[in-house]
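So that you can tell them apart, the chains are marked A, B, C, D, E and F in the order they are listed, and the count of residues begins at 1 in each.
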Amino acid sequence: MKVCRRVNFNAAHRLYRKDWSDEKNDAIFGKCNNPNFHGHNYVMEVWIEGDIDPETGYVIDLKILKDIIKEEIVERFDHKNLNLDCSEFENLIPTAENIILVSWNLLRSRLDEKFKLKLKLWETENNIFEYEGL
Amino acid sequence: MKVCRRVNFNAAHRLYRKDWSDEKNDAIFGKCNNPNFHGHNYVMEVWIEGDIDPETGYVIDLKILKDIIKEEIVERFDHKNLNLDCSEFENLIPTAENIILVSWNLLRSRLDEKFKLKLKLWETENNIFEYEGL
Amino acid sequence: MKVCRRVNFNAAHRLYRKDWSDEKNDAIFGKCNNPNFHGHNYVMEVWIEGDIDPETGYVIDLKILKDIIKEEIVERFDHKNLNLDCSEFENLIPTAENIILVSWNLLRSRLDEKFKLKLKLWETENNIFEYEGL
Amino acid sequence: MKVCRRVNFNAAHRLYRKDWSDEKNDAIFGKCNNPNFHGHNYVMEVWIEGDIDPETGYVIDLKILKDIIKEEIVERFDHKNLNLDCSEFENLIPTAENIILVSWNLLRSRLDEKFKLKLKLWETENNIFEYEGL
Amino acid sequence: MKVCRRVNFNAAHRLYRKDWSDEKNDAIFGKCNNPNFHGHNYVMEVWIEGDIDPETGYVIDLKILKDIIKEEIVERFDHKNLNLDCSEFENLIPTAENIILVSWNLLRSRLDEKFKLKLKLWETENNIFEYEGL
Amino acid sequence: MKVCRRVNFNAAHRLYRKDWSDEKNDAIFGKCNNPNFHGHNYVMEVWIEGDIDPETGYVIDLKILKDIIKEEIVERFDHKNLNLDCSEFENLIPTAENIILVSWNLLRSRLDEKFKLKLKLWETENNIFEYEGL
């Protein structure tokens, strides 16, 4: 049985590598390399897989999951500049792939080992990402 | 090849256990334990996995699947009180997890064994559930 | 300039008149007359029309509007039985038309007279309602 | 890690077999057998599974994926009559199942072997399809 | 008070004028001038403005409105070729503007004069139309 | 008759006044005053009101409207920092109200006087704005 809580956060970011020339950054990252940043409304679905607790009829209380997501993801990334405000991206390009990877590790460490974890992330309505660990 | 039909039903429910005190029910189920019930617009996706029939180009005729879903799910749960009107939940808390489990068993018994069955259920736009059997 | 905050609440209700026979209630209200209630995820948009404050660039701070909506609408109706828990519907059928009318009056009394107020309410994804006063 | 690009195309089609009588075509395909065709706004999600490139933080540059989808899917099917304009459906009924199968083969041939490919197709908001190869 | 019922229909069409050259039709209507037609999933919102009936709490019974829309719009246009199957467009280009105009006249003739009527039509998720009469 | 084209742009911004203290900026603009910026996926609907051209069945060719919006809005604001990259906001706080006001003036100057113009802007799925001139 899989259960999911959906959340939103709004953040600025820039895609570039300090060790590349401006030309190479522009060639690879295009307009995402704007030195003054741009931003997105990110939508994240947090999916937990586990057994139904026969006492409560819940896999996990979604109110508790919501609080964990708020602490680990929303308070960390919402209304932030991912490159400048978030130490997770000090040496990691904040592509959607890396945002979902970082988020998965943050949430994984807060959840009981009996649960499987999968994340889905919308960066725009046309660019979507999914990760469930290795 | 997987094919899906999406349906809606609107129902009232209450989450609580008769064998628990009011305090424990409130602690675990919070405002979902309102004795006078509350309700949701449920959205369900019914996913069938099978081979394409080379004669028709269909896995299953979705008009037929729609009729099965109408008989088993919509007529049973739509505009109903899940706790009071539906015998399936006489001794089972109508959490979304249990609704999807009951629905999966109802639909499974109506479908050819050659098909795999997966359900996805939205209780709200932020709380989502998925089940594909054991 | 018009600005809007969107909110959700989930409630149970029943459409019927005590002064009508069961037959007449069924004829007029159909399955919405289930004596055990059914329910919906209501979505409400609260639209305020006014001038931009040249100092802040806001018509109204949407965080403040959000708090007013929470106090007047969400805390009053969310996870409630509109017929049994809400005195507003003691002598008023909780159709979507009456829910939006009651909500408009509640919000109107909390807003500065300089603002116009319009509400939009989704009872289901196919049944939608709008009211902006007389 | 899975990444996805979403696209749209609008097309006309008719479901029928030349080797069946009109009666049989009507019995199986119903109103989808209108000899003058009908049409849909198709929405397709193209999902690629692969490893994150540690240099760019991308699985695949979605701008490049977008261009491949445009060439193989959008330019081929958008504003077309699938039965009359598209050689892929000269001897294949353009059901959504066959559209997704044809599209999967077209995209598969353009992508590096290291990537897995999955497609999701909405024919209407209630009829959805998914295919990831054999 | 305004109330709305939302419906869908799927149709094929072609935009062109018989009295124009192919070159002019292509210049004005572009790929919408495909002689073999293309198609869309149309979504229509039918908005009625009137007073709340104090007896029922309804402006109009949306089940009745739904039946009128089914008879006048859905059965007429769904799974049809607007150019070939619908006499309304025998001498009228089936642009979304003309579809909404024709639909408004059809529905207007079925509704009590005390109601105002407004239609909203999505031809794609990016092209939207609205008409409320002269 | 009203016709609409919907577009998207993704941008970073910060809400603050240089002539206010940090304390006052925080009190009024909260987390929107992050000195390192945050961002949004803006969705804009551009509505034109006019008569149907009897020759084409169009109010305005939406392909032409799309090009105007691309030049005036998307190329100006997409993947930009509204505060640092856009001269329009050099002395104007980039609230959604001011973004829609600036956009309306830019589009108004490009459209024939016979058309009325209305804009609708989503900053998030819960914060929405509308402007149609004075």
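The rule we apply is simple: contacts are C-beta pairs under 8 Å (C-beta built on N, C-alpha and C of every residue); 3 or more make two chains touch, one makes a residue touch a chain.
Keep in mind it's a predicted model, so treat the numbers as computed, not measured.
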Minimal path length between chain B and chain E through chains that touch? 2
Using the contact definition given at the top, which chains are in touch with both chain C and chain F? E
If you walk from chain to touching chain, how few steps can bring you from chain B to chain D? 1
Max Cα-centre separation from chain E goes to chain A
Report the chain whose CA-based centre is farthest from the CA-based centre of chain B. F
Compare the two sides of the chain B and chain C interface and say whether they are made mostly of the same residue numbers, over half shared, or of different ones. same
Distance between chain C and chain E based on Cα centroids, please, to the nearest Å. 29
Listed in rising order, chain D residues that touch 2 or more other chains are 125
Interchain pairs in contact, sorted by label: A-B, A-D, A-F, B-C, B-D, C-E, C-F, D-E, E-F
Chain D residues touching chain B in their complex are 15, 17, 28-30, 92-98, 100-101, 125-131
Contact footprint of chain E on chain F as seen in their complex: 1-7, 45, 47, 52, 55-59, 61-63
Residues of chain C that touch chain B when the two form their complex: 8, 10-13, 31-32, 34, 36-41, 78-81, 84-85, 124-125
